[in-house]
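Multiple structures follow.
There are two complexes below, and they share chain A, which is joined by chain B in the first and by chain C in the second.
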Partner chain A sequence: MLTKIAWRNIWRNKIRSLVVIIALALGLWAGAFSSAFYEGMMKQRINDVIESEMSHFQFHEPNFREELQAKYFISGAESIEADMASAPHVIGSTGRVVATAMMGSANKNGAAKLIGVDPEKEKVVTKLNEKLIEGDYFESVSRNPILISQKMAESFHVKLKSKLVLTVQDLNGEIVASSFRVVGIYKSGNGMLDEVNAYVRRSDLPSIMSLDAQDYHEIAVLLDNHDLAEPMAAEYQEKYPNLEVKSWLDLATGMRYMVEAGSTFAYVIVGIILIALLFSIINTMLMAVMERTREIGMLMAVGFNKRKVFMMIMLETVFLSMIGGPLGLLVAFLFIQATGTNGIDLGAMGETYNELGFSAIVYPELALESYINITVMVFAMAILAAIYPARKALKLNPSEAIRKI
Partner chain B sequence: MKLYLKLAWRNLWRNKRRTVITMASVFFAVIMATLMMSMKEGSYTNMTNSMVASYTGFIQIHAKGYWDSKSMDDSFVFNDSLKAVLDGNKKITGYVERIESFALSATRETTKGAMVVGTDPEAEKRMTHLDEHIDSGEYFLADDKAVLIGAGLAEYHKVKVGDTIVLLGQGYHGTNAAGKYPIKGIVKFGSPDLSKQLIMLPIKEAQRLYGTEGTISNLVLLIDDASEATAIANQLRGEISPNLEVMAWPDLVPDLVDMIEADRVEGYIFMFILYMVISFGIFGTVLMMLAERKHEFGVLVAIGMKRAKLAFVVYLEVITISLLGAFVGIFGAYPVIGYFFLNPIRFGGEEAGKMMEEYGMEPILQPSLDVSIFIKQAAIVAIVASIIAIYPFISVLRLSAIKAMRS
Partner chain C sequence: MKYVIETTEVSKIYDGVVPVKAVDEVSLQIENNEFTAIVGPSGSGKTTLLNMIGGLDRPTSGSIKVNGFELANMSENELIDFRLKHIGFVFQSYNLIPVLTAKENTEFIILMQKIDKKLRDERVEKLLKEVGLGDKMNSRPTQLSGGQQQRVAVARALASKPDFVLADEPTANLDSKSTENLLDIMARLNQEEGVTFVFSTHDQRVIDRARRVVTLVDGKISSDERR
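Presenting the complex of A and B:
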């Protein structure tokens, strides 16, 4: 009986019900879309990190990443390369020589990270060749070519064919200087990397740094599936206990945090939105109860006890949530699908996005799990919001309530 | 007009409960919007403080070309006429002379590029409170032939207080700048970026090292209000020698400004979503109010009240409620945000700390107490509410007295 009364009450005053339904649907949409926007942004960043910076996992000598000295090269690089060539899911792997350097032009001295790459393999793993905006890919200069970023070119006042002097520490810790000629200028999506990364041919470095041709500091591996990065890194860590094998999650600072705890950020935002929703529902329901003073008083006068009145108002809220919830889900789903396909261009609002390694176009997307979480939270919010107005209704005095217009 | 205001005002107090509920929806909207915005702004202040206030300063003066080259060839003499201009400007409360250049720092085993900064220990103490950042060892004196080294760099070189470090760079007109210095203290900055690359020594010793007797490369100005930096810089530009350049902090740390800018854009999206939710909350309450008073409006129209006049009174009511709610909201938001200001949220976990450090800030989330945020958010909510008030205005204009009275 109570259910029937509650259900009828909803439809008797359509405007009021519609307000609550729309508030709920809007709240659900807002929560879901904020999360989707955040998740999309993170995913974009992860793809950028994997595809153009870190690949899926990398091999290093255990001390290398900490100290960056030439003597910490990987021993037995050949067997790793052979392993990678035959392993399943591996798209490509490449060995690099890495050194911190002081780079000097006629105008300026500054720090740089000198990366010796195998041009052909690097193409497959990081698509370095596609980032060129000027010059060519190690072709037009035969002796000691170097690729620098557009940022470096500007700050060091150099252009194609300019000479740069690179000072590095060799295998024995001696400081050696060598000149390179700019063959190309690149621009990656990440401004922070563009600040320091300079690429040379790996084959040019051994003679400068007194290394052997097979001494690499880093071997990067690209897979065909993001999810395999962690297990495969663990697998090869076991196989090569003397080396450090780490996935992109550990290589890029803050990445593991961003992925594992990053959703907390989204939840804080969703939390604020939901609390705003809570207050708007409380207000609307409170108005609804006040407006119905006479009606509720009448119900009480004809014998409805307090528990029943309370249950009736709670049931109304549940019914409203059951209509507003799915409606909101549907709208949120369609909206996220639409923006997820076309992308939202933040570039229009801030040109600086690329500088930080975030792509300017965000494709929102939301996992099923998050849809469920948010739906549950919105429902909980709606029920919570109904308690206060329902309690208020209990406090009405039937005889006074009826007298009111 | 006065009559309408009086009517609206009386209507408001006739049904206090309804007025309070509507006001509450505006009130909470202001609190939520302010909370979100002040959290964001607070994190930007944190970022700028750990970088700008502790090292770069809010305004710097250099010789033209120095900022790009960072070369000792582009140094300048801090002469009396420049001093007079700076002393004459009341907004400038102090300055530090510095020599800043890039050099290799080396120990027996390790070599690393470092930013070598010659500075005036006393002035630095006053301005950037460098002495408070000493992690171990002692602060240096103007006549010392010793250096302070960033904690990150010390870790890399595996050196401690009392060890020796070699500096190797390029001095004035291409001369070799080489020197060997004992480490007097290790400094820790809020920004790990700085900790990883800074070496500081007294300016006299730096001038000797780089062979730039009498000239300096950077003049760092101290001002009271960071937001005035750009205006003061513009003013100075006209007053000093055209061979010098004046830069305000947004130009000094463009990466930081970019980062803040990008984060702001992202914030706009979330703010927009929040505004949608709260404006519908207000709309819902207004709609309910209309429904509740239909009968009353019907009677008023029936006894001869002009619809336009009635609509205007209702419009005034909603506007008054919004303004009151927004105004009270400012005071309601203050304790909420004040609480988080006094008890900032600390980012849990090692990974969180690392990430924040990478971006050069302390791992805390502390909202800003900047009054302008409160006023701005209250104003936005009040404007949204007055746009919403158009709806009851129109719906009263279209009111049919008979239908309304029957309801």
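Presenting the complex of A and C:
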């Protein structure tokens, strides 16, 4: 009967209840969708970092990442490559020669990060070949081909077949220069990387930099499962104590914080919305209690104890919230499904995001766990919202309440 | 002798800038099966006395016993439970729950006593028929006239088989016909089923039908007339 009374009570003032339900639904839709947008963006960024930039973990000589000098190459790279070839969950691994370079065209000189890759292995690990928008993948020129980004091409005023002179430090610290021919122009979707990364064949560098063919500065490993990155990095760190083995979470600046803060951010957004809605529900329920002073007084007079009165107000609030909340989540779910499939093109803003390493098209997505947690948060908010109005109702003196008009 | 209601030198003082003594040392005994009207002008203390007898308000001094139970010694929760089991209330403004039907309004009191559904249904239907609303069981208060709503309130008051029914100005909002109708029902319940009624009223039609009239003036009993 208590449930029946509470349920019917919320429909006594249909407009007021509907306003609260719609406010809740809209609030949660906005909260869930913005969380999904953020999660989608983060997930894409994580995938980009892993699949296009860092892979799951990398081997380096311990000083290399800090000093970027040619002499800090990985010793024993062959045994690592052999290990990776037979290790479970490894999709691919590739060794690279990396050097900071001064790149010069007929019009401009500027800094670049020269990355010497094994073209075939790089296809597997970073799908570099799929990012080409012009030209080919180290194929049309046999001597010193180079791939540069569209951004670099514009900045250095070069095009396919143009010549670029790259100046680097060799193994002995001597400055050496060599010319390369642009065979391909790529666009990675990460503006920051496109600013500096230029790819050459690894096999072209030893002669320029006085390196041996097996002198790599980094070995990147791609796995079939993101979750294995950290444990496997730790495992190989133990196996190769003289090297530095780091997972993508430590290699990409800010990624660990981003991943850890990701779900917190979603709950903070929903939490803020729920706090705003909390006051709206408190206000509505307070009005409902004040309007029904006489009725609540009568209930207490005829034998409704405090627990029952409290429960009645609590149930009314929970009913209101649990209609609006799931309704908002349902709309959010449909919206997320639709935009998650087609993506949201950020248009002009996308360029800015792109500069920061984020994709210009976002595919929102929200994990089932988040839907469940948001529902629990709504339920908790409803209980919290009911406390003050319910306490107000409990403080009514039945003999005074009954006489109130 | 054991009384249904027994007040001994009950007083109620309302604090304020000037304290008001609403009820002044009233001693009153009401026996089973009485049909008593407490009358008096506005401000004479009728409602205050009724509220204290019903356990809705506590006296400043004195003792109130209902069927031998001292109300002053009961906690708030004990009083609520006591009211549920021992006292029926009929209020001036009917005070039905608008979202429940006549049947549900009558039933919810006994529901709280956890009585078997079959017995509950039988009792509710019998009561509503007795107050002449057998055909209005599924009507909500807004679909009933004032008189009909007050009859539902009487059925609700009797649903828990209370020791007595307290009715505060039950006819104040009713027209003559509804008043007569309600009084007929209450008188019949009193005579045929032995229900004890105590009214506060200044409605002459109620006073005329009462078998005992206790008059309050300035919080004191000025006369107690049995007929």
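Assume the second predicted complex is superposed on the first by the 287 of 405 C-alpha atoms of A that agree within 3 Å, B and C clash if a C-alpha of one lies under 4 Å from a C-alpha of the other, contacts with A are read in each partner's own complex, and residues count from 1 in each chain.
Convention: a contact is a pair of C-beta atoms (placed from the backbone, for glycine too) under 8 Å apart; a residue touches a chain by one contact, two chains touch by 3 or more.
Computed from a predicted structure; not experimentally measured.
Peer 1: Taking the superposition as given, does A:298 touch the first partner, chain B, the second, chain C, both, or neither?
Peer 2: In the superposed model, A:298 contacts chain C only, not chain B.
Peer 1: Is A:12 touching the first partner chain B, the second partner chain C, both, or neither of them?
Peer 2: After superposition on chain A, A:12 lies in contact with chain C alone.
Peer 1: Tell me the contact category for A:1 with respect to chain B and chain C: first, second, both or neither.
Peer 2: second
Peer 1: Taking the superposition as given, does A:306 touch the first partner, chain B, the second, chain C, both, or neither?
Peer 2: second
Peer 1: May I ask you to name which of chain B and chain C touches more residues of chain A?
Peer 2: Greater contact footprint in residues on chain A: B.
Peer 1: Kindly classify A:288 by the partners it touches after superposition: chain B alone (first), chain C alone (second), both, or neither?
Peer 2: A:288 contacts chain B only, not chain C.
Peer 1: If we overlay the two complexes on their shared chain A, which of chain B and chain C does A:82 touch? Say first, second, both or neither.
Peer 2: After superposition on chain A, A:82 lies in contact with neither partner.
Peer 1: Have a look at where A:376 lands relative to chain B and chain C in the superposition and call it first, second, both or neither.
Peer 2: neither
Peer 1: Touch check for A:27: first (chain B), second (chain C), both, or neither?
Peer 2: A:27: touches chain B, not chain C.
Peer 1: Once the two structures are superposed, pull the chain A residues common to the chain B and chain C interfaces.
Peer 2: none
Peer 1: Spell out the residues on chain A that touch chain C in their complex, using ranges where they run on.
Peer 2: Going through chain A, the ones touching chain C are 1, 4-5, 8-9, 11-12, 294-295, 298-306, 308, 397-399, 402-403.
Peer 1: Please name which positions on chain B make contact with chain A in the complex.
Peer 2: Going through chain B, the ones touching chain A are 17-18, 21-22, 24-25, 28-29, 32, 35-36, 68-71, 102, 104, 106, 109-113, 156, 169-170, 197, 255, 257-259, 261-262, 264-266, 268-270, 273-274, 276-278, 280-285, 287-289, 291-292, 295, 348-349, 351-352, 354-355, 358.
Peer 1: Which of the residues in chain C come into contact with chain A in the complex?
Peer 2: Going through chain C, the ones touching chain A are 47, 51, 54, 56-57, 76-77, 80-81, 83-85, 89, 91, 93, 95, 97-100, 104, 107-109, 111-112, 156, 160.
Peer 1: Which residues, counting only chain A, touch chain B once they are in their complex?
Peer 2: Going by the criterion above, the answer is residues 13, 15-16, 19-20, 22-23, 26-27, 30, 33-34, 37, 41, 67, 69, 100, 102, 104, 107-111, 155, 157, 167, 169, 173, 175, 191-192, 253-254, 256-258, 260-261, 269, 272-273, 275-277, 279-281, 283-284, 286-288, 290-291, 344, 346, 349-350, 352-353, 355-356, 358, 405.
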